[in-house]
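I'd like to ask you about the structure that follows.
Labels run A, B, C and D following the written order; every chain starts at residue 1.
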Amino acid sequence: MSQQDLNDLRHEIRDWMDTHLTGRFEPLRFRGNAGDGDALPELRKAWEQELAHGGWTCPHWPKEHGGRGMSVPQQIVFQEEYGRAGGPGRIGHIGEGLVGPTLIAFGTEAQKQQFLSGILAGTEYWCQGYSEPGAGSDLGNIRTRATRDPGSGDWLVSGQKVWTSLAHLSDWIFVLARCEAGTVGRHGLIFLLMSLDQSGVEIQPIEQMGGGAEFNSVFFDNARAKAEHVVGEPGDGWQIAMALLGFERGISTLGQQMAFAQELEAICDIARENGMTKIPSIRQRIAVAWTGLRAMRYLALRVLGGDGSHDVQRDALGYKYHWSNWHRDLGKLAMDVLGPEAGVLDESDPRKERLQRMFLFSRADTIYGGTNEIQLNLIAEQGLKMPREPRGTKG
Amino acid sequence: MSQQDLNDLRHEIRDWMDTHLTGRFEPLRFRGNAGDGDALPELRKAWEQELAHGGWTCPHWPKEHGGRGMSVPQQIVFQEEYGRAGGPGRIGHIGEGLVGPTLIAFGTEAQKQQFLSGILAGTEYWCQGYSEPGAGSDLGNIRTRATRDPGSGDWLVSGQKVWTSLAHLSDWIFVLARCEAGTVGRHGLIFLLMSLDQSGVEIQPIEQMGGGAEFNSVFFDNARAKAEHVVGEPGDGWQIAMALLGFERGISTLGQQMAFAQELEAICDIARENGMTKIPSIRQRIAVAWTGLRAMRYLALRVLGGDGSHDVQRDALGYKYHWSNWHRDLGKLAMDVLGPEAGVLDESDPRKERLQRMFLFSRADTIYGGTNEIQLNLIAEQGLKMPREPRGTKG
Amino acid sequence: MDLTLTEDQIFIRDEARRLLASKADGDALRRIVSRGDGIDPDLWATISTELGWCAMTIPEKHGGVGLGLTELVLLMEAVGERLAPVPLWSTACLGVPLLTAIGTQAAQVWLERIAVGDAAATVAIADMNSVNPFQGGGVTATRQGGGYILQGQLPLVTDAQVAGLILVPARIGQDVAVFGLEPSTGSDFRRLKTLDHTRQYCAHSLNDLSVPESTRLDRNGVNADALAEAETIANLGLAAEQAGLARGAMDLTLEYISERVQFGRTIASFQAIKHRCAALEVDLAELRALILGAAVQPDPRERMLEVAGARALASDLAFRASEEAIQLHGGVGFTTEYAPHLYFKRAQANWHLLGSPERHLDRIAAHCLPDGDAA
Amino acid sequence: MDLTLTEDQIFIRDEARRLLASKADGDALRRIVSRGDGIDPDLWATISTELGWCAMTIPEKHGGVGLGLTELVLLMEAVGERLAPVPLWSTACLGVPLLTAIGTQAAQVWLERIAVGDAAATVAIADMNSVNPFQGGGVTATRQGGGYILQGQLPLVTDAQVAGLILVPARIGQDVAVFGLEPSTGSDFRRLKTLDHTRQYCAHSLNDLSVPESTRLDRNGVNADALAEAETIANLGLAAEQAGLARGAMDLTLEYISERVQFGRTIASFQAIKHRCAALEVDLAELRALILGAAVQPDPRERMLEVAGARALASDLAFRASEEAIQLHGGVGFTTEYAPHLYFKRAQANWHLLGSPERHLDRIAAHCLPDGDAA
């Protein structure tokens, strides 16, 4: 695709966002992102359907499955323009980005038939059931059990998942569970698709320090997954789970960077208004933030457009660590620029509210999706070929 | 001892230094400290004897062994005034601070008779034989062997010690060696006093990045320690070695702080002269250095005058880490204040030369005497009661 | 200079820590947070009335105990360690030192009341980011009739709704006057909702507020040296509170990571975690030594500088220790169920009180580089 | 914007790295260091004459290869990685861009000579800590007779004794003129002894130095935009060298600690060490992305800002990576027997070349905060 075609696409998306993210959808601008994920849920679901009408859900899916078959450069353009316009956090993200590609790759025909259309239409929402209370960063330590019901062939699931994003707004969950008693680590796991609308499932919100509750604990007590809702074979759960994570190519982070840029701009505006621009260290920190954001963009472009060389793969390992710590530092910078009254809550000042929310939620950025500590282990071990951290013998 | 008595002592030392560190000793001011340890050796040996004539060697030794029996507050005063006057690095330090107290506590009468007087008189110099090439931070991994000569009862020593400070200026060395074949770790070690003036000993200087060579490798090839020069019993080497390290109470660090203060002052002077005071981050870093030095002083006073409570002991663990990293940062600050020409060598500018030397040698501060990494392990494990780092199985 | 604590001082510290460990534990804190006004009145009654902590640094002739700054910093550390929601800093580190600096009979009456726990106090500072909080910047007083007209914005005042006395430094020409407002005499402080739930913050606009002559506590302006001394104590107390906060955040983290198992090992057994905790521990030892040294430093100017350094270190360390508390708690670290977020929010709130670290370091730089152009 | 390297670019990079791995290995470096003049003439001959690295960014019409900045940064990274003691930065990142900016026939003659390896070049900058090195600050030129009188101090000029052309930017009124001195035309540069042994540094006092008209290479002053572009390239090349230096320091450290055993384990197996190395690796990935992005950035002002950011990151990272190299080598790290000290000294020397990090960040701050008072 030529540069001209990409530019045309860019303008098409920009126009579409301008004409659609308006009117009743106006309040959604810049809402619903990480840290604000449970904001305005009904309106955001309507927005998902609006996107679907425009043909903008699942644009990277193959055309035969209802997508637009967008290339990586096209996806980059889409995410950038979506982010620049203030497009809200996507309730459909897990279905579109993770479940769909996984089913297209590994699902049965029947599974594709049943599930892809709801994702494409923006009418069925998914959430992710990996982490557990005893596991945290340690996915190998899954304890949720799936037992086969000999009569129906269905799977009965018991256990608890935590840090399940937007479970309370979702219809379906995919669950990694242990289906072979006595197995440990990566063996004996099963990957199941389960309806959340059943009596054996209980969803409890986890209240965050920023006030929101977009994460949940999900309790299963003999909840049922239908026999035909196993992805892959029982026992292959780990492989499916890892493949699913691999579909997270991170292009959506380019949209995220647009939001970051707007946060940095708001900080600069405040500094100019309140005179903090006179403080040398504030000036320096703003310059460091600008630099980090620019580097982040180039790193993302390098990785996403990457030639798959060892060099690029090695640099890619650090991407999550870089953006999450950058964002966390930006939160602190925002508070320091706001000054002594940074902590005063003021409903009449949405710009300040947004930065306060960002300050608090960005503390989770370095924890969810692989903590800083896990990231550094990964970079050292996979990128630098340093020795693996030994596993202990407890649990 | 009253505050008045301490003040009197302070003035006595100040006067003595004023009248003695002059004339032919004038060139010694601020020389011979860490990083400059092999400067002007003959003159510094003469200075040791000058100190001895004044009765200022070994002031903390008990009076019955020729010292002044100085209390901790008196020693603090002595070190402060010695450092303030620019008293040179002490070639007699190891004998006075480590060997003497160890012999007084654990030596035989004959050993005390033979060795204490030379230390007191400033005529016999000692160095330390602990570290080995394969051991580094790992003292338990000593491989130097001591074998008993059945005829004489003497010990024949073979192996290599490294990082032996001032070995080339010393007469004697104390050596930790393995005297029981097949032992590992802390067991089967012996603590020996050995003359360096014998054919089985070879001393090789280690050239430092700053140009000096105050550290040496010392090679033993069937070198002889006399039978009567074992301290404690054969096999007790570890205990004696650890007790010796315990005598390093760190009061001399107060003198070191005086040198640090002068370095910081020189940096401030240069910044005023070359206009670097206009750079906000330079101003902030100078303020941070001032603060760290003041805190260092209080921390030293708190630890040295300490009541031995758990609280104080816990704080004491961090002292070496604090001062060495502070000093290392000061070296970087000095170079940054000196600007683009910081690296140009100029014999006509002794102030700059001193800071350049300090910049380079301070890199060793965080390595010798227990690396940063060892210090942090120690603080975590002993101070914070965190789990011990597991030992590996190699070597 | 002797930095060894006396037996009495150790007793005071240990008793304070023991009291707060039981009265300001996690459950108590959660209760206060859910009530939302940043004050535990029962605990404050115990501290101020029964135990007389506010009396500690008030001279005996003013009804106090006449102890020194060392005792004050030990108490403030204990308060910080537990985030105890009491107006001790406002009262003992803002109000009492300022009243002592004023030194008039009118001020003494208030010191006597505070000593017996009859009133909490605070100081209304127009610019909370100032390293000279007591100089009356931002508030002007104009004589009118038999009283004064006060004019100025007070966007952030600590503990004003619980204080029986709100001291307002104000400028009259070159002089600093101090007015003592009481809830009954026209002070109408609005409580603010803030991220930090463990301290009370209020605001007030002095729009030509008319106050009677009797509210003016000083005579012909407060002595400049005395004011500077009081400011040093305000900052010293806050530095001690921040050091305590850092210790508290570290302790709860160490407890959590010593239990929590990941990859078959306690989190505390990972060397990278150990080294990060140890680095905080070194910094805390450095900070505490500086605070204890400044508390016994006889020279007021040296003490001012040392306290400036302590504030710079303390703001930084308290923030780092509490951000590590969140990080090392992992997923639960950013929930409201665990305590790290309370430490974290308080650490950021404290960061700008009486001057950000950079401002304090500027003072030291001006001392070290007397001829240099300040930037 | 496509940041993927082409096959040709990968080939250039890999060949450069392969060459330097054999010609600028540890032994070669030690040999040069002991000789003490900071230049390896054989290696320079190979690079400049046989391989034509200097021709890389010279347009084809001036006898060059006409490649872009991406190729230049790949070569500079390779040089930095090995601390290769050659005047490539002086020639290809100072001299060539300045000559290109001048754009006259006289300048072109020099570009042609440089392209074929006939001469190395450098620029004599009076204030090496300047972010505007080519503006002639500190040197004045006065017309006299048929020539000029040059006046100014040049305390630190890179590679002046090996360069066949020393460009001296100077002020004539508001204009920037550039004079080309040759060893034969009165340039009398004194070689300096420096801590950094891997680059040549010289000094010269231009005390009313009289030079003929023919040494002036520009016509009526150099275009300001063109000068700014050249300055950006000078900084970009240095940032790339610093990134390479960081990578080189890290690689030799990783090699050492993977072998060295302490407490029965390789040093590389300690998690605290792993995390420190990983943090450097992240920063390096960030820096390299920024450098490669800036190299293809079409907008000159954006490129200038990105390069400023890259320099700030690069100076910091090169220093940290080389200080970690010393620290993690332990005792041998501060001896002359091992290489870390060479990286460390070069990293500090580079720190102030063309502006310390703070100065570069100031430029970005001025962009982000256009209305704010600069401090």
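We adopt the following convention: a contact is a pair of C-beta atoms (placed from the backbone, for glycine too) under 8 Å apart; a residue touches a chain by one contact, two chains touch by 3 or more.
All values reported here derive from a predicted model rather than from experimental measurement.
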| item | value |
| --- | --- |
| Identity of the chain that, by mean CA position, is farthest from chain D | C |
| Pair exhibiting more inter-chain C-beta contacts, A-D or A-C | A-D |
| Where chain B and chain C are represented by their mean Cα positions, the distance between them in whole Å | 41 |
| Interchain centroid distance [CA atoms averaged], chain C/chain D, Å | 51 |
| Multi-chain contact sites of chain C, meaning residues that touch two or more partners | 266, 269-275, 358, 375 |
| Residues of chain B whose C-beta touches two or more other chains | 279-281, 284, 373, 376, 389 |
| Partner chain B, residues of chain C touching it in the complex | 1-5, 10, 254, 258, 266, 268-269, 271, 273-275, 277-279, 281-282, 285-290, 292-293, 305-306, 308-310, 312-313, 358, 361-365, 367-369, 371-375 |
| Chain C-facing residues of chain A, complex | 131, 134, 136-138, 141, 162-163, 206-210, 279-281, 332, 335-336, 339-345, 356, 359-361, 363-364, 366-368, 371-373, 376, 389, 391-395 |
| For the chain C and chain D complex, residues of the former touching the latter | 270-272, 274-275, 375 |
| Touching residues on chain C, where the partner in the complex is chain A | 127-129, 155-156, 192-196, 201, 203, 261-266, 269-270, 272-273, 319, 323, 326-327, 330-331, 333-337, 341, 344-345, 348-349, 351-353, 356, 358, 375 |
| Touching residues (chain side chain A, partner chain B) in the complex | 280-281, 284, 390 |
